[in-house]
Amino acid sequence: MSKIRTRRRPGAAETVAPAPLPAGEVPVVELRDVSKVYAGGSVGLERVSMRIGRGEFVFLVGATGCGKSTCIRLLMKELEVSSGEILIAGKKLSEVDRKRVPYLRRNIGTVFQDYKLLPNRTVYDNVAYSLQVIGESREEIRRKVPDILRLVGLSTKLHNYPDELSGGEQQRVSIARAFVNHPPLLLADEPTGNLDPETSIGIMQLIYRINRTGTTVVVATHDKEMVDKMRRRVVELRDGRIVRDEQSGLYRPDESTTEFAIRLRGELGVGDEGNPN
Amino acid sequence: MSFGFFFKEAIRGLSRNSAPALAALLTVLLTALVLGVFIPIVQATTGTANEVRERVLVNVYVAEDATKAEREQLAAALERTANVKSVEYVPKEQGLKEARRKNPEAFGRGVDLLGANPLPDMYRVVPDDPDGVAAIVDRLAPANADGVREPSLAAIDEVRNKEEDTEKILSATGLVKILTGGLMALLVFASIALIANTLRLSIFARRREVEVMKLVGATNWFIRWPFVIEGVIVGLMGGVLAVMLLTIAKETFIDPLEDRFALLAAPETIDFPLLIVVLLIACVAVSAAGSAITLRRFLRV
Amino acid sequence: MSKIRTRRRPGAAETVAPAPLPAGEVPVVELRDVSKVYAGGSVGLERVSMRIGRGEFVFLVGATGCGKSTCIRLLMKELEVSSGEILIAGKKLSEVDRKRVPYLRRNIGTVFQDYKLLPNRTVYDNVAYSLQVIGESREEIRRKVPDILRLVGLSTKLHNYPDELSGGEQQRVSIARAFVNHPPLLLADEPTGNLDPETSIGIMQLIYRINRTGTTVVVATHDKEMVDKMRRRVVELRDGRIVRDEQSGLYRPDESTTEFAIRLRGELGVGDEGNPN
Amino acid sequence: MSFGFFFKEAIRGLSRNSAPALAALLTVLLTALVLGVFIPIVQATTGTANEVRERVLVNVYVAEDATKAEREQLAAALERTANVKSVEYVPKEQGLKEARRKNPEAFGRGVDLLGANPLPDMYRVVPDDPDGVAAIVDRLAPANADGVREPSLAAIDEVRNKEEDTEKILSATGLVKILTGGLMALLVFASIALIANTLRLSIFARRREVEVMKLVGATNWFIRWPFVIEGVIVGLMGGVLAVMLLTIAKETFIDPLEDRFALLAAPETIDFPLLIVVLLIACVAVSAAGSAITLRRFLRV
């Protein structure tokens, strides 16, 4: 049996095209030469620099283990950088006090790759928690939570506990929790990994709509179809380095399915709504 | 958020994590029970020891041939001696009465046969601190170079610590007091450590939850309050259960035997309602503080 | 915003075509009118009957929450059926004694949707454990484990603990563990959910090879591309019921990409090896 | 698999789950420490109580005017009486000697003045069981209808429990024995419950792991052995630490004070090496069994 090649793809593009950003605007996310080396010595990110402007929609792609989750965990200060500097809305993360970290995180909605639901709370309470955390009033919570759960298709599972849900249902709870308080920055780590193609499209439409309201969105994903359909900015990582950074890119740079993608975008109802790409 | 919210969270935590909550409850209950049983015992023992110590007296026998002036000088000297709390004059008649009461066998028959009172007059000197006895004896009858005591005043026939085993009593009761004190300290320390330990473990079992809470933007106190309230509830429940068991034990076993306790009864024994209050407050305080402190380790996300 | 439709797809095929099975052969897996109703009243499976013959390769597909994982968990007696009967190699699961369940499970390799790795063991030890469980000798373990880990592309992560792995790496450990002792029945629940397309193809090739050695394989998946490429038996569930059971089916019954699929199978190196479909 | 495998698994479990392992260790250590301190105390107390009880005697005073035959009859009757362990004849001379020693104040002076021995001859009767004293008295001098005791033999002048407070001594020492027994039972029960509790919690924190093991085909004993060995290791370590602390405490605090313990020393006190062995075995057994039993709940997958 042959070895599965996951890390090295010969002949792939090695050029990095930084995204243009209007002069003078403070990027929502900025990575300056960021490296992350884990305790064991394995490299998560290596000298990554990147700027993401307000309202941008960025796909983070790359083979498994290339550093996508590392990047997302660094952005929410779950991990500390080994070197370099991360700025969120112009503020250096290294200068954010431990006590202030929760307030930072309230402005970042995160969909975790492993969901990270609270096991002792129902679906409703899991989503409500991120509103309770910011001191939202009970009425607001009672209004917002069922709404968002209906949007992700979980209205029948409000009072189930996470261990009574299927994988896809848990994933959608995590998505609902990240969205519910309309954070200015949304980080989604593999948000459709356990969803069927149809539900995935629904979730991506939802993310797209959220993006259109001005929210900056970073999605780490393996969902080739999704990336190819959406045609948004794509940042590809390989072994912790950025190897590609394209406006309206595809999952794989060498594939030529542009017409197909355009057709799919029409299907998604995305193309005719005047996005800048 | 309001107290109501945190309280509801605490109740949720307890009901959804019944295993750790029950474990913590059991630990509080058991330690409170052990303490609740030992506190009165230690108190009674210490009380008894103190009572025994208080019986340490110095008897100063008046020489038969002492003159009135000499006797007066002696009385004044005794009053002036350091460490003396009170001096009581016991004339030989009273001495005999007391002796008869205490030792009917010897004095009942013996003195009757004798037809006369063999006892001398006596001053009974109560030291203000039982440990001061030796000092008093030394002052009234300092030992000479050969180690033989010689009375310092003419009126003194002999200076004697009652029963001659004052040393022994003091030593033994002192030891008992040290021992019970040490035991109590050990028990209190062990109880606190055990409760803290269980709380630590019960929060350890939920560390992932705490981490997730931090990741969705909860502040430390937002996470901590429910745990503290849980601690209060567990402490209160454990304490109340322990108190109930103690009350039942008291009423079924101790109260019917009360007369047998006459020998042990000590005025310093803590009274039951106070004991209950102390136990409850201790349980609640230790649990709540333990929860809050233990949580710190897991809040560093 | 519109609600995402995940459960009802109007106009989908409602016919059930049972798979042919040579007369007299004992099916490896047989479900007889199996229903599973969870404690809360939600339905996992509803009157599902199915026979899977020795050496078959079956895709279990369907929208999220349709009952795929329930089916797999029932097969390994992690859950008990509410009604009906499951037979593994002709033996009724309801008659398998509690004490004998471990011996049953040793013959079933399972890839769990949530990986279920042992957190206190390294990658190597996690995989080794399922060999230690069956009393394999130390030499055999030392020979087999690095082999299988090389196959799934994890030779550099042997001594990492699960919480030091990326999502896809954890998934591959779970796959390696399920494969390592060559069980006669392999159940894989969403084995490529967190893998990039390339790694996915590698894993599916691996599963296919294992299947060709005679192992019966059941794969629950959302990976449309994979199902369409492989063209094996597809069982589609909807709300706990079987709505489709086709030999060499596609992820969606209505799509006509047969030629594309054939081309892909060629790419996979599957088509030219004389499989019976 | 071999023992080596399970042992390695246990070590892995301990080192990778240091929080629960430490908690279990601490619990074992603390309870062993408390028990290790209390066992000798309870032993000493019970021993002292027993010693005190053994001093319960019945004195049978011989009437002055008894004839030789009557005296012989009495001696024979005493020997025959039920419950009697031994009978000692104390002539009046020996009685006086003893009295002088115990009560120099009264007998020293009094008898000298008296010039004659006021004490009667006496039989000192030792009951084989202190609680049998009342029965002996009843038999030798049964109470009549008015409650007044009348000697059953002519040679008996009076039958008396020594010191008249036999009742009190028996009652008090009995109570002490019940109390210490109860306390010991409470402590042992609490210790076992606390250790089991911690083990339960520490396995609870790892229940997912146990579930996964079951799902990949491990048999119950395959999973259980490492936990049992973990229990043995934790019990052993906790026990050894406790014993070390106890030894240090004994050598620094107790041994220098040994002379002060004279009063408390009781022959029945368990000796130190035996105590150590008992503690260690108890710790190990409770931890190992606790692990094995607790695990059952989580093996039902």
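All chains are identified by letter, namely A, B, C and D, in their written order; residue positions are counted from 1 within each chain.
The rule we apply is simple: a residue touches a chain if its C-beta (ideal position, glycine included) is under 8 Å from a C-beta of that chain, and two chains touch if they have at least 3 such contacts.
Model, not experiment: these values are computed from the prediction.
A.B. asks: Hey, which chain ends up farthest from chain A, C-alpha centres compared?
C.D. replies: Centre of mass proxy via C-alpha means gives D as farthest from chain A.
A.B. asks: Give, as an integer number of Å, the spacing between the C-alpha centres of chain C and chain A.
C.D. replies: 28
A.B. asks: Can you work out the whole-Å distance between the CA centroids of chain B and chain D?
C.D. replies: Centres of chain B and chain D (C-alpha means) sit 22 Å apart.
A.B. asks: What's the distance between the Cα centroids of chain B and chain C, rounded to whole Å?
C.D. replies: One centre to the other, that is 70 Å.
A.B. asks: Residues of chain D touching 2+ other chains?
C.D. replies: none
A.B. asks: Do you know which chain A residues sit against two or more other chains?
C.D. replies: none
A.B. asks: By the document's touch definition, which label belongs to this structure's chain graph: line, ring, star, complete, or other?
C.D. replies: ring
A.B. asks: Of all possible chain pairs, which ones touch?
C.D. replies: Touching chain pairs, listed by label, come out as A-B, A-C, B-D, C-D.
A.B. asks: Along chain A, where are the residues that touch chain B in the complex?
C.D. replies: Residues 76, 78, 98-99, 101-103, 105-106, 110, 112, 116-121, 129-130, 132-135, 177.
A.B. asks: If we count contacts the way the header does, which residues on chain A are in touch with chain C in the complex?
C.D. replies: Counting only chain A, the residues touching chain C are 1, 3-7, 9, 38, 40, 42, 61-65, 68-70, 113-114, 150-153, 157, 160, 164-169, 171-172, 189-190, 193-200, 202-203, 205-206, 209, 222, 224-225, 251.
A.B. asks: Residue numbers of chain B touching chain A in their complex, please.
C.D. replies: Chain B reaches chain A through residues 1, 5, 12-13, 16-17, 208-209, 212-220, 222, 300-301.
A.B. asks: In the complex of these two chains, what residues of chain D are touching chain B?
C.D. replies: Listed in rising order, the residues are 19-20, 23, 26-27, 30-31, 33-34, 37-38, 41, 99, 103, 105-107, 109-114, 116, 118-119, 168, 171-172, 174-175, 179, 183, 186-187, 190, 193-194, 197-198, 200-202, 204-205, 257, 260-264.
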